[in-house]
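Note that the chains are named A, B, C, D and E in the order they appear, and that numbering of residues resets to 1 at the start of each chain.
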Amino acid sequence: MSAWLLLVLWVWPLVLSLPASRVRFRQDWAVGATASVAKPVLGPRRSALPWVALGPLPALVAVLAVPLGTELAMPWLFLGTQLGLDATARVYLGFTALLWLAAGLYTAYGERGASGHAGRFDALFLLAMTGNLWLIVAQDLFGFYAGFAMMSIASYGLVIHDGSTSALRAGKVYLVMALVGEVAVFAGLVLLASETGTTLPEPASVRDLSGLTIALLLLGLGVKAGMIPLHLWLPLAHPAAPVPASAVLSGTMIKVALLGWLRFLPVGELALPDWGHNLALAGLATMALALPVGIVQRDAKVILAYSSVAKMGFLMLILGLTLVQPALAPVGVAGIALYAAQHGLAKGGLFLGVGLRKHAGAPGSLAQALILGVLVFFALALAGAPFTSGAVAKYNLKPVLDAAEWTWLGGAVAASAAGTTLLMARFLWVMVRTEPHEESGWTWPLAAWGLLLVLVALFPFAFGKPASWATNAGPIGLGVGIAAAVALLAATRPKLLAPFIGLVSPGDLLALLAPLLDAFRQSGTTLLDDLGQAWSRLQALGAAGFERVFGTPVGDVERGLRQWSLAGALWVGISALLLILLLASRPLVAPDTGADAAAPVPTSTLLRKFRDRIPSLSLS
Amino acid sequence: MTAQFLYGGAGLILFVLGLWSFLVHAPLLRKLIALNIMGGGVFHVLIAVAYRGDGVPPDPVPHALVLTGIVVAVSATALGLVLGARMQAGEREG
Amino acid sequence: MSLDLGPLLPGAIVLSSMLPGVLIFLVDEESHLLRTLLNLFGAVLKLVLVGVMIWGVWRGEVFESRLDIAPGLELVLHADALSVLFVSLSTVLWLITTVYAIGYLEYSVNRSRFFGFFSLCVSATVGIALAGNLLTFVIFYEILTLATYPLVAHRGTPEATRGAKIYLAYTLSGGLLLLVGAVWLRTLTGPVDFLAGGVLSGMPASMHGELVAIFVLLLAGLGVKAALVPLHGWLPQSMVAPAPVSALLHAVAVVKAGAFGILRVVFDVYGVEFAAELGLLAILAALASLTILYGSVLALTQDGLKKRLAFSTVSQVSYIALGASLLGPIATVGGMVHLVHQGIMKITLFLCAGNYAETLGVHKVSQMDGVGRRMPLTTLAFSVGALGMIGIPPIAGFVSKWYLGLGGVTAGQHWVLLVLAASTLLNAGYFLPILYRAWFRPLPAAWENEHRFQTRFETMGALLWPPVITAVLCLLAGLFAAAPVSPLQWAQLIARREYGL
Amino acid sequence: MHLDLLTDPLVLCIMLPLLGAVLTAALPRRAVLLGSLMAVATSAAAVTLTILVWQSGTLRVALGGWDQKLAISLRADGLATALVVMANIVGLGISVYASGYFRDPERMRAFWPLWLLLWAALNGLFLAGDLFNLYVMLELLGIAAAALGALTGSRDAIAANLRYLLVGLLGSITYLLGVALLYTAHGTLDLDLVAASIAADDELFAVNAATLVLMVAGLALKAALFPLHFWLPPAHANAPAPVSAALSALVVKAAFYLILRLWLDLFAPVTGMAAAMLLALLGAAAVVWGSWRALRAERLKLLAAYSTVAQIGYLFLFLPLLAATPAGPVRDSLLAALVLMAVTHGFAKAGFFLATGLVQTNAGHDRIDDLGGTAQRLPATTFAIALSGSALIGLPPSGSFIGKWLLMQCAIETGQWWWVIVVTTGTLLAAAYVFRVLSRAFGLEPTPLRFITDARAEIPALLLALVSVAVLGLASGPLWTLLGLQAGGDA
Amino acid sequence: MTQTSDRARQRAQARAQERARDLSLLLGVLLALLGAVLLGLYYLALDGGAAPRLAELALARLPESGVGNPVTAVLVNYRAFDTLVELAVLLAAVLGIWSLGPAPPGFQRSGAVLAGMVSWVVPLLIVASGYMLWVGGYAPGGAFQAGALLGAAGVIVRLAGDPTAGLPAEATQRWLLVLGVLVFALVGLGLMLFGAGFLTYPPKLAKWLILLIESAATIAIAAALAAAYVGGRPAPSKAAIDDYGSDSSP
């Protein structure tokens, strides 16, 4: 019976999206004096129920109530649906549902941007949630893809919700990249289905993937994961989106890529050293780029976005290494899931915190102090300070890192940890300097935030061995130290560091790409214009020709023919020709009678008759 | 035989001459006359066929055909003439 | 009492719309009620008859009407699985569109003429669907051309007559090529009924050259209606027609007839394996791919909503041809099922476009700011259709795309994925901006030609519910694709029969 | 009282209209009533005849009870009957239409006897079994037709019909010379006996050939074979509508019927591929030129007239195909297709002209470009134009579609594929000119409230057009039976 | 300006004339050749043609025909149908002429000499016509010759100034015109109805039926020829005008 929860958990938010949208389908024109003005059909904030917060509840229940390994096959649904819950999915489902709940509460009670469009936001929020939850419990690739697509498209609406220019630009970049990613995933899945013959992929059944398939899947999901250089949308979308949207975007949605890889690649089944190394290097590169670029950003949410990119890089590194050595899979897969969970929760906390810092409580109030404190905690957790979830999760992955062939890897990871710490320090710096504008009614968002805090705080003790609690102090210490030094420098000699801030605009590579794209577009338009002109000239030519034939008056061209002499000549001529042809159709030469073959002169029957009758005409 | 051929042949020549005249000359009257000459030519041919030798009664069928043909030709000529007259009258008016 | 329906039913299905159509011509312009009754009577009767036929075909009964129009020339109406697919599509959509058209034209003129031809148009389409041999197909194909012409020209404006002329020039020329091809083929084979698996594979090798030439002729003839590039020129021009006509033209009748014909020729005349052997599929595949991409690119540049949809049709219909051009049952399923899926999606879009035009006077994409707030249900339906076209699961379009892609890969034609990918992106490129405008842009202060109907909903009921219903159908066709009697299952049934599996 | 069903309808088909002509000529004030009665009676006789022929094959009667050789025979074989039934149904339609067409009582009185004479001549031509009798019938036809054509009394009409009369006379006198030569050579005038004699006597091949040329040349003038069609467009375009219909649909067809009869029956041993090819080439030129001129015509009736030129051209395309096909079901099919096309054109063109006449009456002119909403105001008439137009184009379902289908099929089978190009071109051009007219029916004019406004005029046109499309296009099988051909003519 | 256009027209006319001349020359040559070929073939036809033709048969059956003159037998019996149709042709021509409008006015009344001659000649013609009709039964002559003579009488009367050519008023005239066809047809159909077959004269009645037909034909032919010569519908009598109204414009 509990298996049906797997269906309910994602259908429920889908159903909720209708009332949440608050669309009024009925429009009674006749009512009211202002009938001539179309009323806005999307209702105001604060409708009767916090629909968005209700969305993830069945999922939470499912996490707890549905036993591992439950499967629900519905071959009649879509292209053959199979829902199920394995360990990874359960972890994913857990943190995803929690984060959606927190973000949902924040949305329901805290989010106030773009008044009048709340219904739209809520509906899309729930749709994205639906997609996200569906793809987690879907074991068939259709479900995964459907959820994936639903989530991606709906998120577009979340990104551009406030309608500002920057949001629209971010949305455009997001959408284009998401679609490209989706298309690649689609192609990859088609190939996968074709090569493996199954639509229920699991590592054991996808051993025969071709390079093309793997590449498509890596790249397609890599867009979502923010793999360099496919990460361009992330630093743009996060600041543009409202806070809860950013939280789920960063906290859960980008993690989906990893889930996909775990499902569709033969993790633990097959050694793919080349692909593994490539992925690992891509992860490293992602980290190497994201951290420094993040540090020089101004906007807190951009900094967080880059942090997410870096973290995804780290997970890609781990996954890559796991792919190289299948034996590591049990550790790696579990580790990745846990890491994703902790990062999701912490990152969610950070994002919500940004919003709370801005609006909850007056400047200098106790609430704000508390908020800053909690933010510090989340930042430390994210950086992986000892006794935080980050350290524990990272410790779980240590075997994977240690097993790597690359000896320098340890250093690199340590450097990244230090870098993350620096990044978090920079984030806190920005947060501290953010001026809050108090608004009322933040109880429920704060409560949701508190939930995240509790979860993150309890994480190491729930999921980590005690040995892991105090790890990772070195790099963090180093990071804190550097941060402190830089902070000091910044405080004393602000001008020294100022030039670095904003050195790289959010979306880094995009700044380089944009002119190129513009150039392409412009030359494309010119080319099209030219073609269009040529075409229209051709059409004009055709039209002119047509006009010349059909526009001129007809005249009586047969007047000549109606002259008797001409018509008569034709008539007589044709008749003569007809006669000639008729006569010619017979062999003019009489068939040889055979008997008197001696007769040497073959004569026509016609002439023979004349010869016989009229001796003077005789030829002989 | 020879007489027959000469008589009928003359009819053929009449036919051809009439045809030439019909095609070449524009005035309606000439055309109608030409048509009648052509008809006459054909009648010649028919009458020539009817001849079966001296003293032998001729074949009555071609003779009857000629008679019929004449009436038909008269009718057609009459209509043609009146049509032509109407056209001329119209031309004079317009 | 057992009435043997076998030889009667197909004919009755064709006549069930043709006779009311003829009667409608005779109805006085002012007799709304009588005309509406006739319309609905025909549509519902046809639906019932088709239901009976589906039931029968499912049970393996044979329905075949034959009529000697001249010795050796037989009009054959035959119900096989493929025809049932198309017949059901046209019947259901006809009913919906009729209801829509009654609402759409409520204040219009020349309704008797319109509905008369409307019914004839559907009769011809059903005839095409049920055609049991090439001769019958050609006959109904031409009737369709004729019946549609007055619908395109209906408005009577100079643009309308011009569009209709262009439409006619294309389709008649195409019809003629088809005719020549059909005649030529007949000289080689004698009278041949459509048969699953094709009928030509036994032809001696010396005739293969001729068969290729015939195929090119047939393809050119069918390609005009199916709007294969470069024969698509008429389609955007015929957008001057009233919305229900465009909807019918694009979703059910004309365009689909061409595509259906391609399916018939490839599968039931040549036989797909034999066609592949002759290298014909490569031609078809190239044309279809070119059309898919070219249509989408042109759609990007259109501001007129209906024109954009028209070019989208150009692109989408070629999916069907693409499916036919790939050897293997999976791609076949993709092509066949898209016949239905494209139909319901595109009709949704056109009906919505009609609603915008009728209710708000909105004809251009650039005028669509905020229409989602004024007309949420319509826009919701439009969104479903548009997302389906892009191929977003779980809407019907995804199912087609999946099967096409999988079929292509299975056939070793990996480039299909590239085409599909490009097409998806392009589709998104021209549909998503519309959705963006509709949902996210602010409403204008007032619409230029807004029309308020005395109704509780955003527009007149007869206009509103048809697209909503078809949108729901799009969702259902996707969501329950794997359920029995879904279009997909029928397509699989057909494919199994075609490949003798 | 004694009725011999097997021969009487043959006689009645000719005598009833003749009697009608006499009565209407003698009692002008009762012309409409008497004429209509006789039209109905004639058609009934024709239908009876058709049924008889269908059931029992060729009917013949030697009039006066004399030997076949001496007497004039009437005979109705399948070919003749097919054309008779077409001509009489069309004739009935024209009669109904005409009964309300003429506003001027003088014209009405002049019309009826002449029209019935024309009708009698048509039936006589189709049914005559005697070469000289055919000549007299031809003359009757020509004179009645020219007189009818000039009935509007306009100068153009008189000029055109004077030309038509002269052409007719020239043609028939040439034909008569052929008859004279034939009598000289074969000594009989009966079609069957002459045919037998020609088949038996190969010595006179050259004479026969010349006779054939004379007769065909004379008839080709009357049948308006390109380029001898010069007289047709002005004559047909300037006649009153019912007369135009009769001229275009029936009279021209009669001349063609005679050519066919001579070519296929009488002179079969003489004809050859080369000569057939020449005629077909002229036919092809007629198809292209006639259609083109129709497309460029400024007036609706001129368009219809040129369309006739083109349609006659199609019929000649069959000759080389018949020559290339050995006797058998394929040839039978081809022959049936030929008849079918001729018959279809008869119905369609009559419907077209009748409808055109109504448009002209309604608009006061027939300039296509200025028709504006006239066509739109008359839905039933426009329908008739559309239906007959699609038969003229050869769109399915229409008899000409089947005809063209079989024509093309045979062209490909016999390797004469070039005719396919001709047919295709002609079809496209025909579509262009028909729809050039039909597109005028879609304008911004006010909506007509009724489908039919003038039943007596509109229904005959509509029905004739409908026959050309629905009946001949969907059930032409009986024609094969009527022609006594082997069914199932497929390769 | 007008001069140049005049000259251009003249030049065009000259060119047309030239072309017409060329064409007539071409026609002449063509026709001469055709004539020659025809002559040759005619020779062959005469020579190789079926010698007996219909003569023997026609003469052999003469006794059954009801007349003694073989030509009349052919005309009114063997090939009576031809004659019937031919009468119809004549009727058609007259009706056609009538359909073109009223007759042109006649000639001036003749002077005394002509009038005198007319009063002589016309009765003579009538008598001769009657003789011709009668003699046709067994010697050359018959309805056509008789009708022609009678018609000629009408022509002379019109030439002498009577615009009606001696014909009665329109209503009667119409009956006269159709008389030939009418009687012929009624006889033929009547015979058919009584089982003899269309135009199959019972040998006993043949002679009288033929005479009846010939007489009617004579009248019809005469009336038709005279009416054709009048060249139009007879001017309506006063009664007719009252009857039809004044709508007689063509």
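We adopt the following convention: a residue touches a chain if its C-beta (ideal position, glycine included) is under 8 Å from a C-beta of that chain, and two chains touch if they have at least 3 such contacts.
This one's a predicted model, so the numbers in the text were calculated from it and none came from an experiment.
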Third chains touching both chain D and chain C: A
A-B or D-E - the one linked by more C-beta pairs in contact: D-E
Middle chain, criterion being Cα centroid separation: C
Intercentroid distance (Cα basis), chain D paired with chain B, Å: 28
Distance from chain D to chain A - Cα centre to Cα centre, in angstrom: 72
Averaged-CA centre spacing for the pair chain C and chain A, given as whole angstrom: 31
Chain A and chain E, separation of their C-alpha mean positions in angstrom: 98
Sequence positions of chain D contacting 2 or more other chains: 132, 136, 139, 143, 146-147, 150, 153, 158, 181, 183-184, 189, 203, 206, 210
Where chain A touches two or more other chains at once, by residue number: 565, 567-569, 572, 575, 579, 609
Contact pairs between chains, per stated definition: A-B, A-C, A-D, A-E, B-D, B-E, C-D, D-E
Partner chain B, residues of chain D touching it in the complex: 132, 135-136, 139, 142-143, 146-147, 150, 153, 155, 158-159, 161-162, 165-166, 169-170, 173, 176-177, 180-181, 183-184, 189
Complex interface listing, chain A residues touching chain D: 550, 553-554, 557-558, 561-562, 567, 570-571, 574-575, 577-579, 581-586, 605-606, 609
Contact set on chain E toward chain B in their complex: 20, 23-24, 27-28, 31-32, 34-35, 38-39, 42-43, 46-47, 53-55, 58-59, 70-71, 73-75, 78-79, 82-83, 86, 89-90, 92-94, 96-97, 100-101, 104, 142, 144, 221, 224-225, 228-229, 231-232
Chain B to chain A touching residues, read off their complex: 19, 22-24, 26, 31
Complex contact set, residues of chain A against chain E: 563, 565-566, 568-569, 572-573, 575-576, 579, 609-610, 613
